[in-house]
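There are structures below to look over.
Here subunit A shows up in two complexes: once beside subunit B, once beside subunit C.
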Partner chain A sequence: MRRLINRQPDVVVRFGLMLLPFVAVIIAYMIASEARLSVNPNDKLLPGWSTIAAAIERMAFLPDQRTGSYLLLQDTISSLSRLGIGVAVATLIGGIFGILQGLIPYFRATFNAFTGVLSMIPPLAVLPILFIIFGLGELAKVVLVAVGIAPFIIRDLALRTEEIPHEEIIKAQTLGASTWQIILRIVVPQMLPRLIDGVRLSLGAAWLFLIAAEAIASDSGLGYRIFLMRRYLAMDVILPYVAWITLLAFTLDLALRLFQRIAFRWMYRGN
Partner chain B sequence: MTRVTVENVWKVYGDQTVLENINLEIEPGSFIALVGPSGCGKSTFLRMMLGDEAPSRGRILLDGEELDAEPSPDRGVVFQKYSVFPHLTALQNVMLGLEFVASPVMARLFGSRKRAAKAEALDMLTCVGLGHAVHKYPSELSGGMQQRLAIAQALIKKPKILLLDEPFGALDPGIRAEVHEILLRLWRDEGMTVFMVTHDLSEAFKLGTRVIAFDRVRTRPEEMKAYGATVTFDLKVDGKSVPPRPEIRDVLAVAAQ
Partner chain C sequence: MTSFRLSSLRLFAAAFVATALAFTALSPANAEAKKDFKVGWSIYVGWMPWGYAMDHGIVKKWADKYDINIELVQFNDYIEGINQFTAGAYDGVMATNMDALAIPSAGGVDSTILLICDYSDGNDVIILKGKDKLEDIKGQKVNLVELSVSHYVLARALENIGMSERDVTVVNTSDADMIAAYATPDVTAMVTWNPMAAEILQQEGAYNVFDSTKLPGEIQDSLVVNTQTMKDNPAFAKAMTGIWYETMALMAGGDAAAEAAKIAMGEASGTDLAGYEAQLAATEMFYKPEDYIKFTEGNLVELTQFVTKFLFDHGLLGDAATSPGYIGIELADGTVVGDESNVLLRYTTEYAKMAAEGKL
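The block that comes next holds the complex of A and B.
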């Protein structure tokens, strides 16, 4: 009998095992939903498939009676644009500060402790400040997403930059490179794929901050809708919305990973 | 041709003396092999030659002038690892040295200047036997090929001094002999001074015109901190001479005609 750590599932078994937890959750939901609905057909907590399907149709495929727009589409567009702008700003700031902090001793001496302290501030604690300063509009939400994830991206990228072998930096100098040329040709090209890794890791937090901001003050967005529907116990809307957010997050992550593979082939050659 | 003078150099980290009282006069065009046990400071000496570290006392002179306190293009280097840039192909790695000097802001060349740099880099890659692998990334090259690439990359700058820090330590013997031949040929052609740190005595005597050993003279435990390593052997290798300087070679060739 071989040890458990040495036993590998084959392709078919692996695929089946991958599906197993998902199927188990769905079956558990169906059983629980069935049980509750048989006691009380008007139960709202665990709606049946037909109720959920009707809610999806109402939110996604029929224009809203009051505004005439498709709510799911509108919510998705507002949320993704807030998330996109916030993450883009954080990536830009994180890229610049991270690389400078990792490479230039004077810059590190100035900002290392500062970004370290900044990253310890819970972003949600400053949300009221952001609302006071930037108002209840789009800006405060975008700023929360950016402020929430930028310190992580800066610190992550600074560490990655410091991990560039000292030999490479020395070698570049013996080839006559200035600090600017080293940044441009040696550090930035090697750090871009790491930056994408950092962004991927912080996307979960970005969604968290976005939905929190939308829950508190907003008139559209996926987080706004979920918290609005909570008042009506409308689980038939909330559950598909959560699934949709998960799908969006998963797709974003996958897209970044694919982009990294295609744009930075040197990382995956040979080894 | 560059004369290297090392005057009374010491290197001290905190209260740990690593090197003490190193005095050397290096003939132009020498191939110096530095040997010694691990931790004897031969790599530290090489880093001081490189300008990566400064001597605690004493000074190092190139043709009578004190070394730059930071790495510069007059001193090329090949390390045991990480000498080439993983995100650039072999050709891009070699072209880099030409692009840095010709394009301060973009660090890239375009048009006819790019073609000229490319041709020069291709020549250099052919010289080290990598003419067939110019578009490969370092991770696709074997260890020996990576070191040959690192040599080509350093030599495109025509350094006065080439510093090698255990460059062939990770290569198997057949490959090593192959790279030795390439290195010896380039050294003779370019007329540069080479400093090579190695663990391998036979390699030191095969390549070097002069073999210098660093070691600690005082080895009692209580003396280990206060006393560093110094030059314990300094041997000219018999039957080997510094190759004639290129300008003298040209004069001789003209005279022969």
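The block that comes next holds the complex of A and C.
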């Protein structure tokens, strides 16, 4: 049938279509930037390519005059280690609580409502409390990321655990499995790839919390730099940083997806 | 199929045009004679009169007199207001002289300090926890809003006692979180401004070891306008000046009306009359145009050079800057501090003089 839903673009067209919106935005940016720069050559809002290139060189490839370190590298290491630890902690907590909440009725009765309510609290609104408890240092930033995404991961995984066909659990019991054995042999292997899905979905929120934490009190990090530069409208630094964060986030997502494909090959069998 | 292909092409064209339009909205405002003006302001003791003037018809009265429309817009985020001004969306903004130089002027926007509302006379404070001498700050982590006036105060204070920023570690901290930050054990030194500073100093073990009374006149809280807009629209500059000095006369009156105005300003800034009076005590307000003219036509060269040096040392004059004098600053008497061929910040007393002579 020659209907729109049946028409497939070939490889070349598909690639072209994929690039089209990106190119459109870049061209529109160039036009607007040109218009502003022709009025004021020092305009900071939409800097030209050469200004952006100079900023990238200064931030990424030249040591900082005052500290002697490479700022982009230093900021990236700070941010990624905070993000990594925060996400790892949230994943661990989410994995344990999610599985127990999904599988064990007493555990669910105790914690289900609590995590449900917890996940509705906007962590940024209770920041002063987090500060008092965890200080203003690295710990508070990691905690904000972990607290921000853990409830989501717990709830997601609890729902996935409940979706395990009850027949499997019955079958294991008829074969004599204890609760502990059921968790280890039936639930955990099936839930690990789902956990990765949950983490992938919460990475966007994790970046958001990280950048918010760095904006509030910090001396390095990608979010710190963006908010510092914003103080004098240095869009020539901010725009490359935003692009760099996007690239890092995209790469992390891709890495998790590839890891899931390789580590849990069985999931992709059959379909 | 042709018809379908056409329509999808149209769709893309429409999307492209929409994106282009969205960016075109960012094109700079063209300076010419116009009727509608927008000025940004944010909560600060010396700027509260602007909010009062807006709410109590003083703005409208002067705008009507010159047959223009003036809208004063309150920004919850001080820097965002300056950024909007720099981008061309606003005709004027309340900013310190330092931020005016670092953001609009360094961004190539020729700006004029139409009038100075006040200068900080104790509003910016360095606070140490459990120590009472500035020298004790050595080696500590100092929480402050980096690259702000607080940072400037720290740099000037350290300079005064022969230290430099290398002797401390600066931790950038949001002004909204200063009070909460002070309550945490790992925060031991801090630079902030009122009303946060007053709140923190009430806590046990908090010592004021340095404040802006030792830097008189260096931190000027000003009304900054686009120079071209001002030249093309003297009515705008006259109306703004009129609004300010009428509100100032009301405030300085010492009668019931003055008290009512101060109560309203105090409440709008989240405190009461006593709290607002305490902040005013740490602020040198220019109540009369004569005060402002006297200050501005006095010797501002040295004060200005302190500021340009700080900005240059922190790379805030732009990458092209090769010396603290890279951007020229024209003082009220026409002398230029810095590069005369690159004047991007100007002081003027022209309109204040009209106010003083009753010619507005």
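Keep this in mind: the second predicted complex is superposed on the first by the 270 of 271 C-alpha atoms of A that agree within 3 Å, B and C clash if a C-alpha of one lies under 4 Å from a C-alpha of the other, contacts with A are read in each partner's own complex, and residues count from 1 in each chain.
Keep this in mind: a contact is a pair of C-beta atoms (placed from the backbone, for glycine too) under 8 Å apart; a residue touches a chain by one contact, two chains touch by 3 or more.
Because the structure is predicted, anything quoted here is derived from the model rather than measured.
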Judging by the criteria at the top, classify the pair subunit B and subunit C on subunit A as clash or fit.
fit
With both complexes overlaid on chain A, does A:Gln181 touch subunit B (first), subunit C (second), both or neither?
first
In the superposed arrangement, does A:Ile96 touch subunit B (first), subunit C (second), both or neither?
neither
Chain touching more of subunit A, residue-wise (subunit B, subunit C)
C
First (subunit B), second (subunit C), both or neither: which does A:Gln190 touch?
first
Check the residue A:Pro21 against both partner chains and state whether it touches subunit B (first), subunit C (second), both, or neither.
second
Given the touch rule stated above, what does A:Val242 touch, subunit B (first), subunit C (second), both, or neither?
neither
Taking the superposition on A as described, I'd like to know which of subunit B and subunit C A:Gln173 touches: first, second, both or neither.
first
Which of subunit B and subunit C A:Pro165 touches, first, second, both or neither
first
Give, as a whole number of angstrom, the minimum Cα separation of subunit B and subunit C in the superposed three-chain arrangement.
41
Intersection of subunit A residues contacting subunit B with those contacting subunit C?
none
Residues of subunit B touching subunit A in their complex?
50, 52, 70-73, 75-77, 79, 81-88, 96-97, 99-101, 104-108, 136-141, 150, 153-154, 157, 159
Per the touch rule, the subunit A residues reaching subunit C in their complex are 2, 4, 20-21, 24-25, 27-29, 31-32, 35-36, 39-46, 54-55, 58, 65, 127-128, 131-132, 135-137, 215-219, 224, 227-228, 230-233
Which residues of subunit C touch subunit A in their complex?
1, 4, 12, 15-16, 19-20, 22-24, 26-28, 79, 82-83, 86-87, 102-103, 106-109, 143, 146-148, 169-174, 177, 180-181, 183-187, 315-316, 318-319
Interface residues, subunit A side, partner subunit B - complex:
165, 167-168, 170-178, 180-181, 184-186, 189-190, 264, 266-267, 269-271
